[in-house]
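Dropping the structures in below, format is structure tokens.
What follows is chain A paired twice: with chain B in the first complex and chain C in the second.
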Partner chain A sequence: MKRLVKGTVWGLVAVLVFSANAWSFGRKTVIKVGINAPITGDIPKVGEGTKYAAQMWLADIEKAGGIEVGGTKYPVELVIEDNESKAESAVKANTKMITEDEVLVIVGPQSSKQAVPAGDVANNYETPMITPWSTNPDSTKDRPYCFRGCFLDPFQGPVLADFITEEFGFTTAAVLYDVASDYPKGLAEFFREAWEKIHGPGSVVAFESFTTKDTDFSSQLSKINKSGAQVLFTPQYYNEVALIVQQAHELGWTGPIVGSDSWGSAETVALCGKDCYGLFFSTHYAAAGAQGATKEFIERYEKTYGYTPDDVAALTWDSLRLVQTAIENTGKITGKIKQDRKAVRDALARVKNFKGITGDMTFTEEGDPNKCAVIVRISDKGEYEFYKLVCPD
Partner chain B sequence: MRNRTTTSAPAAGFRSRLRQFTASVPLIGWLLGIFGAVLAEYFLGDLVSYYLGLPKIPVLFGLLTVLKKPLLIPGILGYLVLVYAIPVVIIVRIMQKPANRLAEFLAGKRVTIAALVHLSLFYGALHLWADISDYRLLVLKLTMIAIMLTLSINVINGYMGEFSCSHPGFMALGAYTASTITLLLFANDKQFGPALLPEALGFYFFPLALVAGGIAAAVGALVIAIPSFRTRGDYLAIISLAFLFIVKSIIENLEFVGGPRGMSSQPDYANLPMVFTVMVLCIWIINNFVRSTMGKALNAVRDNELAADAMTVDTRRTKIITFLFGAFWAGVAGGLFAHVLRYVNPGSFGIQRLAEILAMVYFGGLNSVTGSIVGAVSINVLSEALRPLEIYKWIIIPLLLILVMLYRPTGLIAFTEFKPRELMRPKTTKGGE
Partner chain C sequence: MDLFLQNIVNGLQWGSFYALIALGYSMVYSILMLFNFAHGDVFMVGSYIGFGVATALLGLAAATGLPIPGWLILVLTILFSMFLTSFVGMFIERVGYRPLREAPRASAAITGLMIGIILETGNLAILGARRLSFPQLIESTTYQLGGVFVTNKKILIVAVSLGLMYLLHRFIQKSKWGMAMRAMSFDFQAVPLMGISINRIAPLTFAIGSSLAAAAGILYGLAYPVLDPYMGILLGWKAFVAAILGGRGSILGAALAGFLLGFIEIFVAWIFPSTLRDVIAYSIILLILTFRPHGFFGQAHSTQLRL
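Here is the complex of A and B:
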């Protein structure tokens, strides 16, 4: 027994000597930024882009010696949490970052199925959160602490309808979308609404659906072929885009196929090949022929990680820069986390004409940005070429 | 007994004394010790963690911190010893005799009363522990829900011996039914408009909503039970898998529950006491069910259906009731899940969820209530603790599963009975030796 007591005491002494506190006393004020990203799960590429953009941002900050607020430079720490592309995991990650790591602000989660429940957590704990990629209105609706970095589907749908009408002068359209996925379904409906507003009811001659992970679209595409549609709109993700486009061409579809920002991944062209050349889609930014800061970002990303960044990386970068601007604009970091979070939120809401690499941004009262959409044409070399800029009125 | 060689005599002596000591402490003594440790953390945790150079009180026993910052390992170990181990040892040592007397006194009473005393002590400890951080609270709630799910699938896959794959489907039915009820009646939301009943009543009606969710799941189970009467084994697995997809597709196409977009902002009714009470009820009722005549009949049907039939077991009735019973609890768990997250979407109830539930039940052990609890808790805590490892987590957990399947093919604690009275009995030092 005596030995046990002695052992415990010596053990504790050793612990005290070797603990981190023995070298650095006191707790410094560090600005912590949380990243909630799908690093494992269904969409790991999205998580990777998020992580890489965040690390690039951190490297910039470290080079500058921290974020300067009110004349003092504060060191910055990133807290990157994996949300496994699951709703409950995203909620856990947000709760952990807010209550345990005490982050000042959160960037992420990317997809709506995580951003909606995670945004609820952030709002309840009064922690500002920017979701770079989520397009579901619920992510920010009635949540003063939630913001987003991209435009919304109720804006994107009409943009595409107008663009097709002006560009080609078509009057009939077909839509093919995934009924089981939140984003394509919402966008397909907004597009139909906008199209029928211009060309009258019934002008969307085929409105065909399939379910996630389907790979054969021949029956839907045959129907679309027979419907007399002049253009096919398909707001799908990169893996499905390749299949749909190739199968459509095999079945004799000759008209243009138009997509949405979900096409924006580098994988689209890699999987689809020549079939996709010459097609159009709307997105947040165009990589080929970019200018200024956007070009700089793309070149740096390509050099560091070996591939062209997709829209997620660019939007994450913009969100982080927005966060940085907001923190700088607060004028003072008190070290009291509650107060600082509120100050950052207020500063975010006040941001006017932020110059991002995906366009200029000003937040509306809902926390959604007023920004322009880019129409991109896939060139004959498979690059995403800037074609046209469409801004909200 | 273990061999004792002369060379390791002092160590063996210490070990056997330790074993003797632990065997002499009744459950209530341990619970008192845990309560004391949690109390120590509640009042001294901040101070201790500050002097050990830790940024905060380590949640989840420092597992998360250790993986991110290995430099803090000595601090974490010191914290665990100071805050958990020492109070537990001291209290258990001091309280050994009084605890035994208390246990003896409780053993004379009815099991219900004894169990209530134990449970309230346990709940007290959990409440204080979860009070330190909301992250702990969330992990605790989700773990409790996982326990319910694992237990309810164990009834079907373990005790009945069928391979059912429709558990996420039952969960979805429960989650959507309970959410629809609470959102429609007690919440002002965009899905169903203003509340139909006063919001203050909501919390008291919440258990009813959960029961309704359970019943919806049971009705769903009836839908698969009828066509699959004549099938066993693989065929039932296929039919139940089909059911899972059907439920998911139906919800995705039902616009009034939000389609693929799901439903959000459920009222915040699923607090810790609520989840804990429902979980205890679930364990209690399922344990009684599997130890009843019904449970014995169930095992008979599993081992040999023809023989059981010959021994006057109504096999069809037994199977149906069990299936509905398991589905009911999955539905209740789903209802709680929806109100803990305050968001449901059909995507949450797919194959991935099925894999998780199956992993928990097979890891813990078939045909065993204790096994289910162990399986659910270990898989949940493990997957939370290994979170900083990102992709490697999905190598480590499956590897562990494979190892368990190799060395303990039926799971960690399989084919045991959970006997509350045995667990709570007093333990005198003389009795065992």
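Here is the complex of A and C:
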């Protein structure tokens, strides 16, 4: 019996060693790209856009027969993990993709709530990660392996404060934000800072908050109504935007309500309806009136999935194309995952004047691109109309 | 002053939901001496059923070309959905609670949690994670009374809630079935010997509680028209707090505590920084319970269904 057990164990070891050999000396290394996206949870539309953009990208790669590195074409595989729009699940998804699936590079997570903690995991495991949509500075700060595909909140906050001041000539503002989420909290503070710099301390007359999953904002909005604010700024996600805007109007708010790039989802208008018509928000690109490669992307996406891609889809597309460029620029895939990850990171950091569909990109030392912001107006038909372009100095 | 009155209006609306849901918790407790933790999710299911019924009726109206007014569709939606959701409640009682009636209390208590998770994830699997937008059956009109803004929806929500509570009160006090329920809550062991079957009273209790939750779900859809599979969890927990605060098993207590909870949340967010809302609101409730451990209308070691 003992011998039998021993024999079985050795047999298993032999099989394992053999199969591991067969894997690492196999003829072709498969390039695995991890996608960390909120497929379920609070913002599933964001996850859907991410997945669709990734599948479009994969279709292109497969058509070309793989990514060409140093004269050899390597097949690509996508590993899509659902982070349920939760911070802890995003961390788990990253850990799994890095240690079990052995992905070369990760695209995602999208919201700062997940990208900030998940970026820590990627950086610790020395795996390059690029978050397409996270605008909070902490996602990439002091993390050489973390990059992003969009502008930052310290840029977005002042852009909006300047825009409101110039467009409406207002001097007092109110802010309503989710205190339990990194993105709205960070942006609310950057906006307040920028606004008070222009109009003096105390010019943000109401700075009200709530917690994720709240649906009734009547108390906060009643307070804001009576505060004498001329404009309401609310950097929330699409499911909350609908509730906030409708309740504000029901409580007698008549001034403009301004949002940030989290409004840019295709669902915002679907949930919010007429209440959102005529409102402004800052974002990464405007689908209506796009030109060139951007237009091509939009048309292809519309044809395949039946609706206009939102900014998340466009940024995910750009991030994947950035990853592809970086992999091609490494010049060699060794099959040793650690070495390859380092090579991809270095290549990403070297990318210059990348022509993305959401604008040109060159990474700064922190792994953040210098990009312009677009101010979009929700038209009376519910479309996202280009209104103004604001670029960093 | 305007702000005070405005927040009274806000609190009335918000409290209506807590009150309607808390009633379901309290009724089940009075009969079976356990809390149905799936009740928050029954509220969610009711809201989705309401969505389905409303969409179907709107489709029917459009297909036949009949000019059915929005308010009629709303009334029909509430009635149909209450009816349909009562079967969800009875089904939960049949498969979840009845087989475990003789089981240890802890097993029966966690059934509710499990059923809740099944309902949430089942919904997620069937309908996907996409948010649904509840159809606006009635055009929202805002009235301005002095500095206070009231919408027709708010009035409707509070009126329907109070109406349903009154009907429930009448039913429990005046009808034969209501008397049987009160008797059952008085003595779980002896009453079945008098020819009243627990297997009829328990499903009835679940059916009534669930239909109230469904009504709450539809009213909620009117006020906050973004539906998601997890919308019932937090609201269910807080309504559970209201049920305890009202005194376990007390119908009137649950209704009053539901409104009180709504007022506390709204007023705390008004007076204090809104970030601290739940911290302060639930500290206040903890304090109340410290001095009145059996809630407003609860009595020690008694489970009687009181009004």
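Miscellaneous remarks
Following the convention adopted for this analysis, the second predicted complex is superposed on the first by the 362 of 393 C-alpha atoms of A that agree within 3 Å, B and C clash if a C-alpha of one lies under 4 Å from a C-alpha of the other, contacts with A are read in each partner's own complex, and residues count from 1 in each chain.
Here is the rule we use: a contact is a pair of C-beta atoms (placed from the backbone, for glycine too) under 8 Å apart; a residue touches a chain by one contact, two chains touch by 3 or more.
The model shown is predicted, which means the values in this text are computed figures rather than measured ones.
Legend: residue contacts after superposition of the two complexes on their common chain; A:87 is shown touching chain B, with no touch to chain C. In the superposed model, B is the one of chain B and chain C that contacts more residues of chain A. Residue contacts after overlaying the shared chain place A:40 against chain B and chain C alike. Of the two partner chains placed by superposition, only chain B is touched by A:95; chain C is not.
Judged by the touch definition given at the top, the superposed model places A:154 against neither chain B nor chain C.
In the superposition on chain A, no contact is made by A:144 with either chain B or chain C. When the shared chain is aligned, chain B comes close enough to touch A:186, but chain C does not. Of the two partner chains placed by the overlay, only chain C lies in contact with A:251; chain B stays clear of it. In the superposed pair of complexes, A:136 makes contact with chain B only, with no contact to chain C.
Judged by the touch definition given at the top, the superposed model places A:226 against chain C, while chain B stays out of reach.
Contacts of chain A with chain B, set against its contacts with chain C after fitting on chain A, overlap at residues 39-40, 44, 179, 211. Chain C contributes residues 2-3, 6-7, 10, 13-14, 124, 128-131, 133, 136, 140, 142, 144, 149, 151, 153-154, 223-226, 228, 230-231, 234, 265-267, 269-270, 273-275, 277-278 to its touches with chain A in the complex. Against chain A, the residues of chain B that register as touching in their complex are 50-56, 59, 64, 71-72, 74-75, 77-78, 81-82, 86, 133-135, 138-139, 142, 248-249, 252-253, 259-262, 264-265, 337, 341-343, 345-348, 352, 384, 387, 390-391, 393-394. Per the touch definition, chain A reaches chain C in the complex via residues 39-42, 44-45, 47, 179, 208-211, 213, 215-216, 218-220, 222-223, 226, 239, 242-243, 246, 249-252, 267, 270-271, 273. Touching chain B in their complex are the following residues of chain A: 8, 11-12, 14-16, 18-22, 24, 27, 39-40, 44, 81-82, 86-88, 91-93, 95-96, 98-100, 102, 112-113, 116-117, 120, 125, 136, 138, 179-182, 185-186, 211.
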